[in-house]
Amino acid sequence: MRYAWYPGCVSQGGCPELYASMVKVCSALGIELEELKGAACTGAGVLTERNPELADTLNARTFALAEQVGAPVLTNCSTCQGVMSQANAKLKADPKYLARVNQHLAPEGLEYKGTTEVRHLLWALVEDYGLDNFKAKVQRPLTGLKAAPFYGCYILRPTKVLGLDEKPARSRYLEMLIAACGADPVDYDGKFKCCGFPILTLNEKNSVNMVGTHTLDAKAHGAHCLVTPCPLCHLNLDGFQPKAAGLKGQQINMPILHLPQLLGLALGLSAKELRLNHHIMSTKAVMEMVNA
Amino acid sequence: MRAALEAKRRHADVALISKVHPVRSHSVAAQGGINAPLSAGDSWESHAFDTVKGSDYLGDQDAIEFLSREAAQAVVDLENMGVAFHRGPEGKLAPRNFGGASQARTYFVGAITGHAILHVMFEQLLKAGVKIYEEWFVTHLAIEGGFAAGLVAQEMLTGKFHLIRAKAIILCTGGCGRVYEPSTNALICTGDGMSLAWRAGAPLMDMEMVQYHPTTLANNGALMTEGARGDGAQLRNALGDRFMIKYAPNKIDLASRDVVSRAAQTEIDAGRGVDDGLGGKTCVYLDCTHLDRDFILERLGEIYELALQFANVDITRQPCPVRPGMHYQMGGIKTDLDGATRIPGLYAAGECACVSVHGGNRLGANSLLDTVIFGHRAGAHAAEFARQVDFRPLSEGVVMESERRAQAVLSRPANGESIAKIRLDLGRTMHQHAGVWREVKGLQTALNTLYTLKERYQKAPVQDKGKVFNTNLVFHWELGYMLDSAETILLSAIHRTESRGAHYRTDYPERDDQRWLKHILVGYRPDGAPTIEYLPVTLTRWKPEPRVY
Amino acid sequence: MQVTYRIKRFDPEVDKTPRFQDFTLQVGENDSVLDGMIKIREEQDGSLALRCSCRAAICGSCAMRVNGEPRLMCKTRIRDAAPEGLVKVEPMGNLPVVKDLVVDMGPFWQKVRAVKPWLEPPAAKPEREYLAPNEAMREVVGVVACIMCGACVSDCTVWEVDPNFLGPAALAKAYRFVADPRNTDNDERLKSLTEYTGIWDCTHCFYCVQACPKDVAPMERILALRREAIKHGYTDHNGVRHSDSFAQSVKDSGSLNEGRLAVETQGYLNLPALIGLAPVGLRALKAGKMPSPLHHKRPGASQVKRIFNELEKEEKTT
């Protein structure tokens, strides 16, 4: 299996542990990653909001680069997935629009033909790799670990664009993977909700309140950690958890794992390889629990 | 809301009382549009004549002239207040075709015209600062010394009864469609105002004139707008024939609703109906498949959705099974041109009222017009009336009377016959005997059934014994109102031994201008059978002629 | 077919907490979830409280949570909602429950009122209608289609943590007037919408877009309002600085520079806010997560810059 890997800005910026764990996990699973080094930011919704055509053009460029690689795009970010899915749907639905966008790619000798598929690691593992194949690679079953899924808005909604209308199970993949790792998925209200990251700089109180609400909700349901396929959710849930604890007036201490980190633990990778020490909220309790 | 707005603009102290939030009112479901002779080459006379002809000459022509003369300004006023009407190339209002109209004069917002207007009315009420009592259910209309003096309403949130004193009261309570099963009408259309006014002494007029809309969905009775045919959709029978050519060679699918409904029902009765999806062949096809998909989605998006949801039909690709269904009550509380009833201080406007502009059959897109024109007018006159009179003395005793009635219902053991069962029996009886076809035996049977239903109603309990948001008790009140409406419909229908407009008597299939060019009014007597009275139809310039479409 | 409804019930005169009650009944092939609810109310338990009226997805009364998601019950088919014969019905979220499935819509209407929900047309009344292109009317009708059912508010993730937020329905309503060429007070409207509780508080979670039964896409309208606010010069806001900094960062390097974004959003002169950032930065530094101050350009960054220049120029000319 081979993908045109789109690591996204955050795994190359604020969450280097994601980049590292992604590389290790894919290697352990035998997934070949061809990194799209020249691809730009998806715009994370911010550019779409300012100038939709500009954002769509940058994404079309990424898709064209993937066509050159001859493989589907693989992301490790819910936000990237959402923005690229929306852009791709728009470009594929409207040939005239695609042609207009392609005019801006032409000077670089690129053209998006409309054939690229974009798949998050979460989807790729369940739909392409197969849960059974994954289970066969598990070396360290995470028995006893209660992990609460936190999907991130962009990989869920709108369901029409994110393929959940045809594949409703996509809203259960995290639980399925958590179980495949040998851990117990925790059900709680917050799993589909917003982490608050997009309004962090606009209304920090509300943003941090969201962090506190969902982490405490998961904690009340017995979770030892949260697992997220979205590094932006990670930034907020992890980085702003101390503030959230202050706002809520109680200790939270909830480790926030990137999806590849959880998978890596089950695959037998070391905590160091997965850079579990590069978090704001200590992941020590999780490591001890699974003897990593 | 138009009435409240007008009264407020004339500096009256206005409160709007509604059993639902104002934007839930049933005008919200009007789809196709609102008529006005606005375009070059159109005239109020032409609109008026179409309305007179549509009414089968039962409409009062002075009222219809007034409606048509005011229509253009009324629609412009709505536009000026914010209604986002469809536009033509120069940014001007652009109409669509509609049934029974000699030219295109129906102004519209997709297939949500009523909704678009209703929400703008609500916006204007907020802007004007009209006090709104939402989810207050009126249980009694108080008359003192022959004048309207106030009303009693139950606040649904708390179950508490309140007395509201008023110098003038305008009833804008809509129709009584739930008297029929099935019906296109919302569940709230239970004839509350008609019954309240009737029992207070204001007679109901033209109640036998019940419109069946030709195109409703079999599964749930939902309306498929006449705008579809206005925009080019065609009716076909099981053989694929455009049967309307036979019945209305000139207007074909756009003949008036009574004519199209009878034609469709004739085809269905003759075995040329199509599958209704419920195991019968009680439908004909509404065929839009020759129309452009984007055109349908822009102008008829709402019915595209409805058909997809409830009939599992994509109207852009397949013809949709539809059948005639009860839709509108042309009759109602008799009012004059100012909306005044025979009780001083009591006004009525909209479907609950009968001016009468619709006579035997209402033209599509004249109902929204009726509500805004006569709502405006009633609001203006009620405000003027209120300026000239004082509050009438009114004792809290009337509140206790409503409380006592509620308590009597609440204290019945919960295991009696359900009000829903009585409502269903009523609806089916009315549909069977007082629908598209009528004859004396059936109507008499229905009336007998109605009287037994009234007896059953007197014993029917509610299961909810609580105070907070007791919808069960509300339905009980409503069923009482419905039974009154049904009684007046049946009495009038038995009485009118001719066929006119929506009232088709198989035992008297001809129109009889000699004997029946007149209105039937049914009055309430607390201690005896209802009274029947006649009023001549006002004719101004149009002599009755045979009606051909 | 036979289905079981699992209905969340609460009678404030009897119950201390909500409870679930099951009802089993026969329903038709194309019946809506509402049809079944009415049947339950009529045949099994007359005390079941819910709002409903038109049965045709236009009056906006019957929004509830069906299997956890806000839906108009009349627009949801049972066979879709209960493929395995069980459907769960609960009152909408974010609004106080009055009884069973009836919620207090008061806070909802309060927000609608707060956006001055009426047209302010030009003072000079025309003889007839105001002229307006049909294209603009179509855009407006996209929001006029809103039936004020509250489904969007039910699951709004910002309203959940901050009930002061104007919320998706009211903001979409506000857009309806801003987008109307007949409206005259856009400047004032946009100014007040830029304040706290307004357009910049939306977190972009798509819940309202997903919830809306009439495809109004409230979030998209909020984003459109942001664009309008910027056009009207209301740029002294973290939201605008955030957006500008984000765009500039991508334009300069092809990717996002989070460190720069954090600082520029507060504004270089906003010392208290910058100091507020410090503990977060320190913690990140300690964890080895602080983005490098030397933000490297991606390969292809020059092409990205070119695309930016081309499309920003196009935007200015249109």
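By written order: A, B and C. Residues from 1 in each chain.
Basically, a contact is a pair of C-beta atoms (placed from the backbone, for glycine too) under 8 Å apart; a residue touches a chain by one contact, two chains touch by 3 or more.
Here the structure is a predicted model, which means the values were calculated and not measured.
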Graph shape for the chains shown, where an edge means the two chains touch. Line, ring, star, complete, or other?
line
Quick check for you: compute each chain's CA centroid and the global CA centroid, then name the chain with the smallest gap between them.
C
Chain B-chain C separation of Cα centroids, rounded to whole Å
35
I'd like the Å distance between the centres of chain A and chain B, where a centre is the mean of that chain's Cα atoms.
55
Between the Cα centroids of chain A and chain C the separation in whole angstrom comes to 23
The positions of chain C in contact with two or more other chains are none
Residues within chain B bordering two or more other chains:
none
Listed in rising order, chain C residues that touch chain A in their complex are 157-158, 160-162, 165, 196, 200-207, 209-210, 223, 226-227, 237-239, 242-243, 246-247, 250, 254-258, 261-262, 265-266, 279-280, 283-284, 287-289, 291-292, 295, 298-301, 303-304, 306-308, 310-312, 314-315
Per the contact definition, I'd like the list of chain C residues that touch chain B in the complex.
11-14, 28-32, 35, 38, 41-43, 45-47, 49-61, 75, 77, 98-100, 102, 105, 109, 113, 117-119, 121, 125-126, 128-134, 137-138, 140-141, 144-145, 147-148, 180, 182
Which chain A residues qualify as touching chain C in the complex?
9-10, 12-17, 37-41, 43-47, 49-51, 53-54, 57-58, 61, 82, 104-105, 107-108, 153-154, 156-159, 193-194, 196, 198-199, 201-203, 205-207, 209-210, 213, 235, 239-240, 242-243, 277-280
Residues of chain B touching chain C in their complex?
20-21, 23-26, 28-29, 38, 76, 79-82, 84-94, 109-110, 112, 115-116, 119-120, 123-124, 126-127, 157, 186-188, 219-223, 277-278, 298, 302, 305-306, 309-312, 418-421, 424, 462-472, 475
